[in-house]
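In the two assemblies presented below, chain A is common to both, partnered first by chain B and then by chain C.
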Partner chain A sequence: MLRTHSSSLAMSVSSSQGLTSIRASSNMVEVFVDGKPVMVESGTTVLQACEKVGVQIPRFCYHDRLSVAGNCRMCLVEIEKAPKPVAACAMPVMKGWNILTNSEKTRKAREGVMEFLLSNHPLDCPICDQGGECDLQDQSMMFGADRSRFTEGKRAVEDKNIGPLIKTIMTRCIHCTRCVRFASEVAGVEDLGTTGRGNSMQIGTYVEKMFMSELSGNVIDLCPVGALTSKPYAFTARPWETRKTESIDVLDAVGSNIVVSTRGGEVMRILPRLNEDVNEEWISDKTRFAYDGLKRQRLTQPMVKDASGQLVATTWEDVLTRVAGALQGVQGSEVGAVAGGMVDAEALVALKDLLNRLDSDTLCTEEIFPMAGAGTDLRSNYLLNSRITGIEECDFLLLVGTNPRYEAPLFNSRIRKSWLHNELQVAMVGHKVDLSYSYKHLGETTQVLQEIAAGTHPFCKVLVQAKKPVVVLGSSTLQREDGAAIFKAVSTIAQNSRVSSGVEDGWKVLNVLHRVASQVAALDLGYKPGVNAIQKNPPKVLFLLGADAGCITRADLPKDSFIIYQGHHGDVGAVMADVILPGAAYTEKNGTYVNTEGRAQQTRVAVTAPGMAREDWKVLRAISELAGVTLPYDTLAEVRRRLEEVSPNLVRYDDVEEANYFKQAHELSKAVNQSLLAAPLVPPQLTVKDFYMTDPISRASQTMAKCVKAVTEGAAAVDEPSVC
Partner chain B sequence: MASSAATRSGAAAVKAVKPIFSRDLSEARRRARELYRAWYREVPSTVHMFQLDITARQGHEKLREMFDRNKHVTDPRVIDMLVIKGKMELEETINVWKQKTHIMRYFHETEAQRPADFLSRFYHGHDP
Partner chain C sequence: IFYPALIKTHIFHRDTPANNPETPFEFTPEHMKRVDAIINNYPEGHKAAATIPVLDLAQRQHGWLPISAMNKVAEILGIAQMRVYEVATFYTMFLREPVGKYHVQICTTTPCMLCDSDSILEAIQNKLGIKVGETTADKLFTLTEVECLGACVNAPMVQINDNYYEDLKPSDIEQIIDELKADRVPPPGPRSGRFSCEPAGGLTSLTEPPPGPGFGVRPDL
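Moving on to the complex of A and B:
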């Protein structure tokens, strides 16, 4: 079976590169770029052929992830012996063409187009946020004329209000229609469009409507001029003043690659980083705009509850001595820990090592995962096994009890991309939600799930015909009491459709979509999913590591229990604690996070943690030293070596460690004897207003609060300062 | 075995470089010794000239410590460069081109000691 797989791979590689001689003559075309010959596939555009050689043609409206518009005309290049210059982004190459990218005519064309674009463009550079990173500025310097012939008046356009996130100054718009194409193709909301023509053309929503998509912030990156800019970032910084740090987003489980721009020790904005496998070049609105929550409600000083019950700031020495004393004064079975959703793997392993040295193994995560059957012993049970790029190859997708649009927006955008270009069929079992693509809604009861698993549902006929099926189970369904039974049913569906499709062994069908960034790393390190173990055996000393979901409260614990909270925001967990240890947020530490596919990625320090806060694993190491069970690592490298000892995939960054044993996991799940409850499968995030505030950082963010207000009461209700 | 012997002879053959002052290690060490003797004789008059608050014995101990820092060096050219720098320092000290503060810098008195172990660094601040 391995042999057939590798031979099919070899066949596909040779056909795509056109190495075999029979293919070459029909597929590849020879063109010349400034005299240099290059072989390209037939059907590639002039612009792509030039890029293959390394010549970049200037453009405004062309974007390689959107459809071709060809309306800016900046990409005009001369073809030898052709009467007119051609738009390089739209014209497919013909055999033997000589593309002259720097000839007299090409240069004249570029100067002319630039002159026209600038003729109606306002002189806003000093007050425009795009200054310094503006395509128009850069291309006019490189390709435009040096003197102006403009003596007429410029037209002006009214600004449109499309929400509290995007600032629109439509006078600067050059009508490239990138935002229109993005909204209709990638985001799936057909709100933006063009009205009028010629000089009176306007881009907008025509009626006063908010551009309410979870990916709306990406138009800010797409817009080549300062027409669409970020409202929270307006007038705060210039791009050359900022330091850029590459990092990972942890507000959801996708692990989008970001760039954190900082200046003077504060985060100015967050931009996406290109990663073809995870987030392409988009990020969701929560990722992009929730950074102002990093400055509010922060824990900056160690705190202790004094005699009157008030939390009072104190020193590290004091608080660490208390914590160490509490840990030393109890037996192993009376200590427990709960880990939250944004904790890095270094802190998780330090906490586990610390508690194990104190004879305790009661380390739980807030998110539940059913332990019946194979549970978390087989990695394939809790990962997004097909990977995010696998969605592009599959032809049938079944979503169970999840709303990927708001739980993992980048995953949803990949599904939409596949639905749009590769004719993916999507079906959903669960509450009917508005996804940005059409799908077949099969029902929301567990009865439907049972029928599909048994093969009696009428939909099974379609499922059987799928060649490369994928089943995605949302982690919110596993939080229910019948989570094990749901997992068993979905596992059966996945196994049956795998067998009936006859797909090769490398293809994985069963996937779980998580909602928190630290769940996969915690399960890899051996944490018990769900706080069952703590509820059954309430400990005297409870360590909350960033645990803000409120799964365990004071009521569940014995009367004189001691709660230690370590985290970065004063949220639910800090309120019920006796001792508070201030930790670092994701922009302030070098942490390892494993996304829902099983890909380990690392965040880097962009700003230092405020006040007396320290990196999380360092706090735990200090506690261990004072408690007499010193952990064997002093530096980050040593902690990562320990991570590698436990699970080597945790330090193999940007690589997915694949998991296997689906058949065995399925066999084990068959032994589960739980019955499905009648309650319908409803994911927690149904509409866009549930999307914005889901974790301590976004709950503390004023921008996210404005978004929620705008969605519930309308864009006009949001109080904006009235600067231009 | 044979390969390591070959590399050793190969390494020895490569080492024909232009000397700075001394042609071999013994000459370089002789220069270092002469420098030490010159400094040793200069220390008491330095203490007197700059009105330092140290005793001559402390000065001699510091001199020994500074020379001991480089006792592992075997390359004659490196030893020559260190001797040249030592002679420059000696010239500046003899001619009172330095000042009290420059001499006392050898004693690191006002430098705050950086904490070395994990817990002291943790209490002290965010150390990268």
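Moving on to the complex of A and C:
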């Protein structure tokens, strides 16, 4: 019933904003806002009609991405000749109405509602984290009365423990129910609710339960008052003293748009930025809370392994000379490089240029991609071609060997949005996981995949009826030895369903969902996916650029090999290195990252890198000069010009280049002669405890460690300071 | 919370040995048939509409609603557990704490108070030895003060489980309690001799048979 009820409301809510291709019955209706005429589609609410003219009506419970509740009553406006004020967020407009947003009655209504809201609200502003960005503060200044007549006692509510991320002070709650609606609609965990009634109503989980969702941190942004705030950020900063830098998140491949709030050269918190095409207004918990890992385990000094095998700090001149010396002595396949998951495109192209000048093309990524068939030559083979917004238009989705809930939470929330509002059917081949929406589980063996590709599986009957099918293949399945065969099978399924659906040429069916932020850029720049080339010809000098997955270890290399590690955290890669070059993390450099859709986005410098660390491409440029193979760029603009030279889409920021040649790619993949292994398709991240620590930054984060502990041992097991 | 305490109206559940998700609760086969009949009343896809009647049935079967019963109802109706908790905490008649075999609910609002419900309350408290909100040690009686039960003509009165005992004097209520202790349910209704809510001193209206047709009509019609 949630689906049927909210689908009609959501249609009217989003249709006027033109968000999706929802078919609204556009009869335009003329209404007047304070005398100004405006044409709106029938079914839009008074609040949306006013927004169209530019008049913002105050509200607490209304949110344009959630269903309409209408319980705060702050949006009451007077309609001319109507006896009572109406709730603007819920009332659809009628022809000829004159909405008076600043009349005597409207103002009196707002003052009255504000008085009621403040009557039970504690006087916590000085100790409340929301101060400075509090909707209640702002709206009471703008719309509330300037004097109080409250002489009674206020009610108090006990705080709930819903996890190590969200601090709850429920006395401040004004019962707008935004968190309840978010939890049940967007996050898919129906754990929050309104228990009791009247004065003793409480928002909570009723039983002692953690709000265990990968999107749980978003209620902190939603809550208009300080009832739900960020526990790691508690009591650390006020919003007016922070500097905001727009940037991109690189902890997964979605490339969520974020705002990095800093103060005094330290990252205070990370907030989401609106981007309708990628992450809407949400970010996952890892993105939001792993920033404290940026301050721990950092490589701040260049280091060299001395005679006894210990890494000692040294100067830049020392390490650069050593590295240049090592590089001068090698040629061709004697030098190789492995790039990790959080490297920006500038560093990748600098490293490639450097090694190419040494006659070597052994540049590998840690993530494998099957090179048989079309491999990475055709871009359409390795991108999320349908784009994240394409999920909203498709009517059938097949997931293969992926758990998008923890691999790309924002992608999963888009699937859920489509499932909820557009009746999307989802089926999955792979290990059964909880995706926060219901789907048809077809099995987890490769046998199932083969049968669907051959058309013999009973499910094919449903597949052929899809009008706009989408198939998403998880990159974790491509890491297997039979990755090429899996890709061939999925490509066949995609091609077959395209043909049977009769969909137009512009519609893309085959998609690959990556798990690391730098993979697409690396493949665009011509890196070899997977460390096969290095394993076949172990080089004498190995350059690890942020490579922390441990794909190549000392054991794979000749005895006297020289390993150079350039990165920002002391993780797996730094431990085995002979020389360490400290680089910058994503908040400390201007880097280009391409997300799994192929959208190039750039991070910006929010804080300077700690200690002696420098931006990665600059380090490589310095090495190249000392090694005698100077790279031809000195400034960021020149590096980006080089990027454009290699692959123009890398500098067309925030835009997705369409990739094509699906039929040709499919023809090439048909020639692949590999058989599928019997092993089941199991993605590496199965439950929420696998979600929190997946890369060097989140592994260094104490907040993420607390989350893992809370998820495995219960919320009460986490040590919290008593002041919280 | 302003209104006088009923049975603990806490809006938060804490697991206790007697009340936790493992507390055994299953609908009996006949009750399960009733559950199906109730669900059949509502259209396809709107099973959640049956939350209130099915919860009531669970309470009638078990005496009160342990958290496991609410979870079972959620499972049967295919809705999230939280939605059932929301409904169960909204209504005060859903008892989320154990009650005795006989739930003695005494009305103490204005009409009953004017007819001296205080003496009835005192009589019960003295007889059972418990205060409002408490249960007797033998788990037979629970005493609560409730809002108006709609039997104002027959004030003062109590409701015990589903029966109203009206027009009470302190001796009446003591007699009722004695009978309940002896495991006999006394007949419900007024204790003063009248049948239901007719005027105590005899009828003041409708004392004659109704006038036949033609009453008050002009003679020539």
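Assume the second predicted complex is superposed on the first by the 697 of 724 C-alpha atoms of A that agree within 3 Å, B and C clash if a C-alpha of one lies under 4 Å from a C-alpha of the other, contacts with A are read in each partner's own complex, and residues count from 1 in each chain.
The criterion applied here is as follows: contacts are C-beta pairs under 8 Å (C-beta built on N, C-alpha and C of every residue); 3 or more make two chains touch, one makes a residue touch a chain.
Keep in mind the model is a prediction, meaning the values are calculated, not measured.
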{"item": "Side-by-side fit of chain B and chain C on chain A, or clash", "value": "fit"}
{"item": "Contacts of A:685 with chain B and chain C, given as first, second, both or neither", "value": "neither"}
{"item": "Touched partner set for A:205, first chain B, second chain C, both or neither", "value": "second"}
{"item": "Partner touching more residues of chain A, whether chain B or chain C", "value": "C"}
{"item": "Contacts of A:158 with chain B and chain C, given as first, second, both or neither", "value": "second"}
{"item": "Three-chain overlay, vertex chain A: chain B-chain C angle, C-alpha, nearest 10 degrees", "value": "130"}
{"item": "Contacts of A:261 with chain B and chain C, given as first, second, both or neither", "value": "neither"}
{"item": "A:191 touches, of chain B and chain C: first, second, both or neither?", "value": "second"}
{"item": "Distance of closest approach, chain C and chain B, by C-alpha atoms in Å", "value": "53"}
{"item": "Contact footprint of chain B on chain A as seen in their complex", "value": "316-317, 605, 608-609, 614-615, 618-619, 621-622, 625-626, 634"}
{"item": "In the complex with chain C, residue positions of chain A that touch it", "value": "1, 4, 155, 158, 160, 184, 190-197, 199-202, 204-208"}
{"item": "Footprint of chain A on chain B - complex, ascending", "value": "118-119, 122-123, 126, 128"}
{"item": "Residues on chain C engaged by chain A in the complex (per definition of touch)", "value": "1-2, 9, 11-15, 21, 45-46, 48, 67, 80-83, 85-86, 89-90"}
